[in-house]
Amino acid sequence: MSPRRRDDGLMVPPVEFGSYYGRAVVKAPAWHHDIAAYLFTGGLAAGSALLAAGADLTGRPALRRAGRSTALGALLASTYFLVNDLGRPARFHHMLRVAKPSSPMSMGTWILSGFGAGAGVAAAAEAAPLLPQHGVLGLARRALPPLGTVGGLAAAATAPALATYTAVLLADTATPSWHEAYPDLPFVFAGSAMAAAGGAGMLLAPTAEAGPARRLALAGAAVDLAAARRVEHGMGLVSEPYRQGRAGAYLRGARSLTIAGAAGALLGGRSRVLSALSGLALMGASVLTRFGVFEAGIESAKDPRYTVVPQRERLGQRDGRTALEP
Amino acid sequence: MAGPNSLYGPLDPAPDAGYVDAPPRMGFFTDTSVCIGCKACEVACKEWNGVPDDGFNLLGMSYDNTGGLSANSWRAVAFIEQPMPREAAVTAAMTQQGTGTEPGAAPAPRPEPQFLGMPTTELPGRREGHDEPTDFRWLMMSNVCKHCTHAACLDVCPTGALLRTEFGTVVVQEDICNGCGYCISACPYGVIDQRKGDGRAWKCTLCYDRIGDGLMPACAQACPTQSIQYGELDELRLRAADRVATLHERGETSARLYGHDPDDGVGGDGAFFLLLDEPEVYGLPPDPVVTTRDLPAMWKRAGLAALAMGAATVVAFLGRS
Amino acid sequence: MGVRTWIEGWPVYRQLTGTDPLGRGAAARSPHTDALTPRTETADSVARSVCPYCAVGCGQRVFVKDGTVTQIEGDPDSPISRGRLCPKGSASKSLVTSDRRQRTVLYRRPYGPQWEPLDLDTAMDMIADRVVKTRAQTWQDRDDAGRPLNRTMGIASLGGATLDNEENYLIKKLFTALGAIQIENQARI
Amino acid sequence: MQDLVNADCIIIQGSNMAEAHPVGFQWVMEAKARGATVIHVDPRFTRTSAVSDDFLPIRAGSDIAFLGGVVNHILTRGLDFREYVLAYTNAATIVNANFKDTEDLDGLFSGYDDETHAYDTSTWQYEGHEEHGPGAAESHVARETAAAQQHESHGRPLPTQTLRDETLQHPRCVYQILKRHFARYTPEVVERVCGVSREDFATVCDAWTRNSGRDRTTALVYSVGWTQHSVGVQYIRTGAIIQLLLGNMGRPGGGVLALRGHASIQGSTDIPTLFNLLPGYLPMPHHEQHETYRQWVDAIRHPGQKGFWADAGAYCASLLKAYFGENATADNDWGYGFLPRITGDHGTYRTTLDMIDGKVKGYFLLGQNPAIGSAHGRAQRLGMANLDWLVVRDLYLIESATFWKDGPEVATGEIVPEDCRTEVFFLPAASHVEKEGTFTQTQRVLQWREKAVEPPEDCRSELWFFYQLGRLVRDKLAGSTLGRDRAVHALAWTYPVGGERHDEPSAEAVLREINGYDVETGEALPGYLQLKDDGSTACGCWIYSGVFADGVNQAARRKPGREQDLTAAEWGWAWPMNRRIMYNRASADPEGRPWSARKAYVWWDPDKGEWTGKDIPDFEKTKPPTYRPPEDATGPAALAGDDPFIQQGDGKGWLFAPGGLIDGPMPTHYEPVESPVRNPLYGQQANPTRKVYDRSDSLLNPAPPEPHAEVFPYVFSTSRLTEHHTAGGMSRQLAYLSELQPEMFIEVSPALADERGLAHLGWAHVVTARAAIEARVLVTERMRPLRVDDRMIHQVWLPYHFGFAGLVTGDAANDLIGIALDPNVLIQESKVGTCDVRPGRRPVGPALLGYLADYRRRAGLDNGHHAPLRTVPARHQGES
């Protein structure tokens, strides 16, 4: 009965490595799914702001309106998720106590604040037509559109940073499968953001104006698929969590939806319905990608193998020993 | 004043954190070769810092019923029963009670809660004659926050709640922490932890209030055998080197230092150890590296991705329709 | 507070103007942190005591603030313990201040289903009555051979070994005068 | 304690010092750091073993065989410290011609009486002292009254002159007798009896002897792992014999260090709350032996004997003066007539059984928890459930206060609250920081505690409780003219009171009375040498006299250790006369010179003409080494200048004890009362003079040659964890300690886990004739089966801290333990017993009673059968 005996083979655990009663070495992230959701909404906001700005400059009012409102909605959702995930939500404003370049979250807070201001003004400008012709509000009615353009451009300027800093946010941890993925994660997130925003555009804007949205979505899908593949297969042991369990399922689902959505964007551009469906698929794909990456990281932190084995190998190479020689 | 080594490499952290004429860096040297596993450190710490209990769970990990460092255990004594050196300890029960982030989860559940704590070829009952006493070891180690030279928890904290003190130690400012949880996933040792119900992050402060008043940290003051030694880090490093030499002379060749080297992945620990086996056997990472070492590279990659995104957008608007 | 002090209290401002641009130390300190002082420093009084657990006799320092014990730690002056304590000794403050500690008299009447509160003086008087009564009932004056016994076999006592010498002295002195001889102690166990 | 750093080798046996005395253990670790060898001998691998140089697993209850082997190793190789042995021990003394050894009588010494199961010790005496040996009847009384405890401060009385053969060749000299007695304890025998390999054993013998002599010393450390046995006193005797033979007694880094387990357990015997003793180890008067004052005093001082014990008259008179003040006069023999008399065994276990029989009406529990902390817990609880009234004074609601509503017997239906008569008073006690007073720690050092705060609400000190109780009782009896109340009236019971409530008696005043004072002037006495037998001095405890010298509370001295040498003579106060190492005259050679520079401690300074050194000399300061007493001298004057053991009747260290011990002049291996094996050495299985209570509610598991021993095939032992204290009253109530060891568990070897199908962290239950308790299983290699007589003996271990009240709870290990006592001190054998171990949880409720009844039936105990004390040739030779 005793796994202590060598003869019954149980003596040796699956991968031979030392651990303390199999307990994790690093702590699994304490973050809840708010953060996974934020990864999506943040990306969506960023991409949409870019679309809106482009539409503004190229005279696509419907696409601009869709972009600006999506950006605002996603921004508000993001803020909610971020505050809700705090252990002490009432102290949200402490985020603005310091500005730490060494903290992606601190940088992100400032980026999000800047982006929020611009996106807010831009979205407000969409309300101009509703204002009266004359009087003080009349002035506002005439002043808002140009202000909106300025705000929109400001938001667009910070948007790429907003879409990609979240990759650094995850990578700048001791969570093995996140940290090791730092070279590719930003591209996964950028691609996912473009695809999602493009999808939103396809969903909300008339097909006549949605061309840029379709092209953005296609570009995003391509980048996303390419980068995700490197993350799921290119990092040896620590890629494993991206292929296993719930994380693996999410990411496989994401891939299928991305491909489907991209196909739709490529071929179904003329059809309002197909465009809408493809848009939804791409947004869904983006959601799944973010949750998949999030889950994979947590799993990698829970099992000491992903922490100990790579470090052993590193040591092994350094002192010219084989990694697992005890 | 911040310098080239602010994120990685040898560094005296207090001046780097803006302390003009800072006092000498203080730290712990935990010599596990004289630890008797009494856990006075755990209790003395809790009495002084008013840390809540960590739940009443028999873990079956030898005499370790704490299960590792957590928001409610700032010192935790590890127990490893070994028939001989360098046999890995595997599997154990998990704490059933939520008292902060789980100190760690067991791997794939095994058929029965069988003890693999001390693998051996034969059961003693079946052994012929008698085993040499030296065949069997019972290792004990009082684990604690490492107060890294390059502290990831401190680097990533977005509120400034985590603080480098003038003594070079790292503390959480409880009036500032808003429980964002970033520090928890950043720590390469799995030390700092979020307290359930409270929401904030907690860990060893090296008794900042006491040492500021010239007192010893509670755990070091209590430690009956001076397994936990407190003092100026430079002096402790010399003492530790001597101790290893002595042990090697006496044939205790498995003795080695952990976290003492300013050139290691975290720039050296403010709390370092003398171990009698590989670090992972005690639940320590064999070669920890502060995550922020790669931060510049990360920002670079993120920048590239951002540019790509901008470019893609422009391209998307070039075409007609 | 004025805008100026508010601005200067803002860590970001201190980062930009001070010695800690990365905001990891000097710039990020909070008022609470600057005000930290150990309880040992603010205590009203310190009593020099001895650990109540095992027989090593480790020295303890008992810090008191506003009439309550705020900290108990090893006494570095003790040549026996040199300021160190085991987990039990380190838990002495909990032992003394725990809210699980019973601080009032409880009484269980014969055949009673539960505890009842009782006033201390009444309890003492009742106990004295029972001592007198039991002693009278069970008194043995002489043995069969007429040799003096002067005792009662109706009253017994078992003491812990955490009693002070002075306490043991009075216990033995009183019981001896009362003729109670089954007076025992953990020392037998 | 600190002196351990002077040791070159430290042998720890019968003690888990690192876990039970962690802070004291710092001195062992420091000695080790300085190069000393540390060896741990114990049934299981503990936290002490973990940091020792060598660990030897030994079968519980076989220590005398092990130590006897060491004695044999020393004597057969002549490795003893001859000069020391000749001068300072009774090795050369000639013993009575009729003395017969266990080697001759198959496990019995000469003089065994089958009626009383006690020895007539006249044949054990030195040549020419025959008339001094107590007869069997007297020895019987001595056992009943645990008389050996009187000798804690000194050996048994004995005449001055003895016949000696300085060549040690005389066949009847102690040295030769000892050599013959231990000759059979060969390494092979040690291996057979203890399960210790010859190689391991050799390392210990070698380390011990190599590190003893002029230049080196070895310290021996033990705790209740030795005392709690039916042969406990002889365990310690064997250790003492080795330390005498190797010349380690009375020297720095040497000696036998008894680690006691409670803050003032030493004080509790010095100033006893024990039935058979009065303060300072004066015997409680016995109705036959001490009918008159003169008989009492003479029985102690033994007219014409050597040493300071000869002044007993002064100690006795002064104690009675302290008790009865001016009512103690020469005419009434200082009130000796007031004292109650003992008639036999009134020990705590006897008293418990008397409670069950309804003989005891009222019971005081003062910071003690017998429901969990005493052997045979069920008997304890059933006894308390049969009282008229019970007073429990403690900090927390312990099991002994709540047994009537949530004890195990309530579950089994043996105690029904509605039918339980016992009236219970729970009075909250003051904690150690809420009162002032002295503890006496394990090295006889008294340390004064200052009061930090007033006790809260109803909490009070014992000092308060007994002072006030005394006042109330005296008031209630004030009018009485009955003879029995004279002592109460006569009692000197006035003490100054203070504290916030103005009703707390002054502990300093009591300590002053303990120290003693001049009745005329009221001046505090400087020491016991000043005590008089004419009523001019009063002294509450003669050995503590000097603690208040010069009217100063010496126990309150706190000169920091770093400002003193290692002896730290100015920290607290040690009895006697602040001596830190007893018999330290032995640290110098007969001529008074240090044995070696390295081990210099106390020596004779010819120029000053006095003894001097690092400690207070435990010798008359100005008596030169050359002093030889005149023929007719008695008392201190009869001590020669080279008689270091000044409290011994002959001034020598006893390798052979002609008296004072009930079970023999030399240690002999007897099996524990409950043992799975037949005594491999003698026909006599267990201690033939042990104390047991032959009744059906105090059963003991059968041991060979009795049949059915196989029903309880395993050996169990119980002891402490660092994280808890005794019965848990001071630890299981605290979260910070409870979380560290949160559940009752049992440690078993992987082999036994296999054999019984026990799973790590699963449940198991342990069964004895008394009880069945359950615990979680810890499978660990720290438990090792041992091969004894080619048979595998499995040992299991349990902590005894758990009970049914507190933050964490569990079954009580003490419920398993039977009542079998050491004859010398009536301490129970709780360190070893036999049991059965089964997987799963125990039955609950009434089913448990049936389960136990079945075990008793199978063990042949259902008729209340007890094994005869003297082993009869077995009818059934059934056992393997």
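Each chain carries a letter (A, B, C and D) given by its place in the written order, and its residues are counted from 1.
Everything that follows uses one rule, which is that a contact is a pair of C-beta atoms (placed from the backbone, for glycine too) under 8 Å apart; a residue touches a chain by one contact, two chains touch by 3 or more.
Here the structure is a predicted model, which is why all the values come from computation and not from measurement.
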| query | Max contacts between which two chains? | reply | C-D
| request: State the chain with the largest centre-to-centre distance from subunit D, centres being mean CA positions. | output: A
| query | Going by CA means, which chain is nearest the middle of everything shown? | reply | C
| query | In angstrom, rounded to a whole number, how far apart do the mean CA points of subunit A and subunit D lie? | reply | 72
| request: With chain centres taken as the means of their Cα atoms, state the distance from subunit C to subunit D in Å. | output: 27
| Distance from the mean Cα position of subunit D to that of subunit B, given in whole angstrom | 45
| From the C-alpha centre of subunit A to that of subunit C, how far is it in Å? | 58
| said: Quick check: what residues of subunit D touch more than one other chain, meaning two or more? | reply: 22-23, 26, 722-723, 735-737, 740, 750, 754, 807
| note | Residue ranges of subunit B touching at least 2 other chains are 6, 38-40, 42-43, 47, 112, 114-115, 117-118, 120, 123, 155, 160-161, 176, 224
| Multi-chain contact sites of subunit C, meaning residues that touch two or more partners | 11, 22-24, 27-28, 72, 84-87, 89-91, 94
| In the complex, subunit B residues that touch subunit C | 1-2, 6, 14, 16-20, 38-40, 42-44, 47-48, 154-155, 160-166, 171, 173-176, 207-210, 212-213, 215, 218, 221-224
| query | Of all residues in subunit A, which touch subunit C in the complex? | reply | 96-102
| Residues of subunit B defined as touching subunit A within the complex | 6-7, 61, 67-68, 78, 80, 86, 88-92, 101-108, 110, 112, 114-123, 152, 155-161, 176-182, 184-194, 198-201, 278, 280-288, 291-292, 294-295, 297-299, 301-310, 312-317, 319-321
| message | Quick check: in the complex, which residue numbers of subunit C touch subunit D? | response | 45, 47-59, 62, 64, 67-69, 72, 76-82, 84-92, 94-96, 98, 100-115, 118, 120, 123-132, 134-135, 137-139, 141, 143, 147-174, 176-189
| query | Within the complex, which stretch of subunit A touches subunit B? | reply | 1-6, 11, 13-14, 16-31, 46-47, 50-51, 54-55, 57-58, 85-92, 94-95, 97-98, 100, 102-106, 109, 156, 159-161, 163-165, 167-168, 171-175, 178-179, 182-187, 189-190, 193-194, 198, 208, 211-213, 215-216, 219-220, 223, 297, 301-305, 307-308, 311-312, 314-315, 318, 326
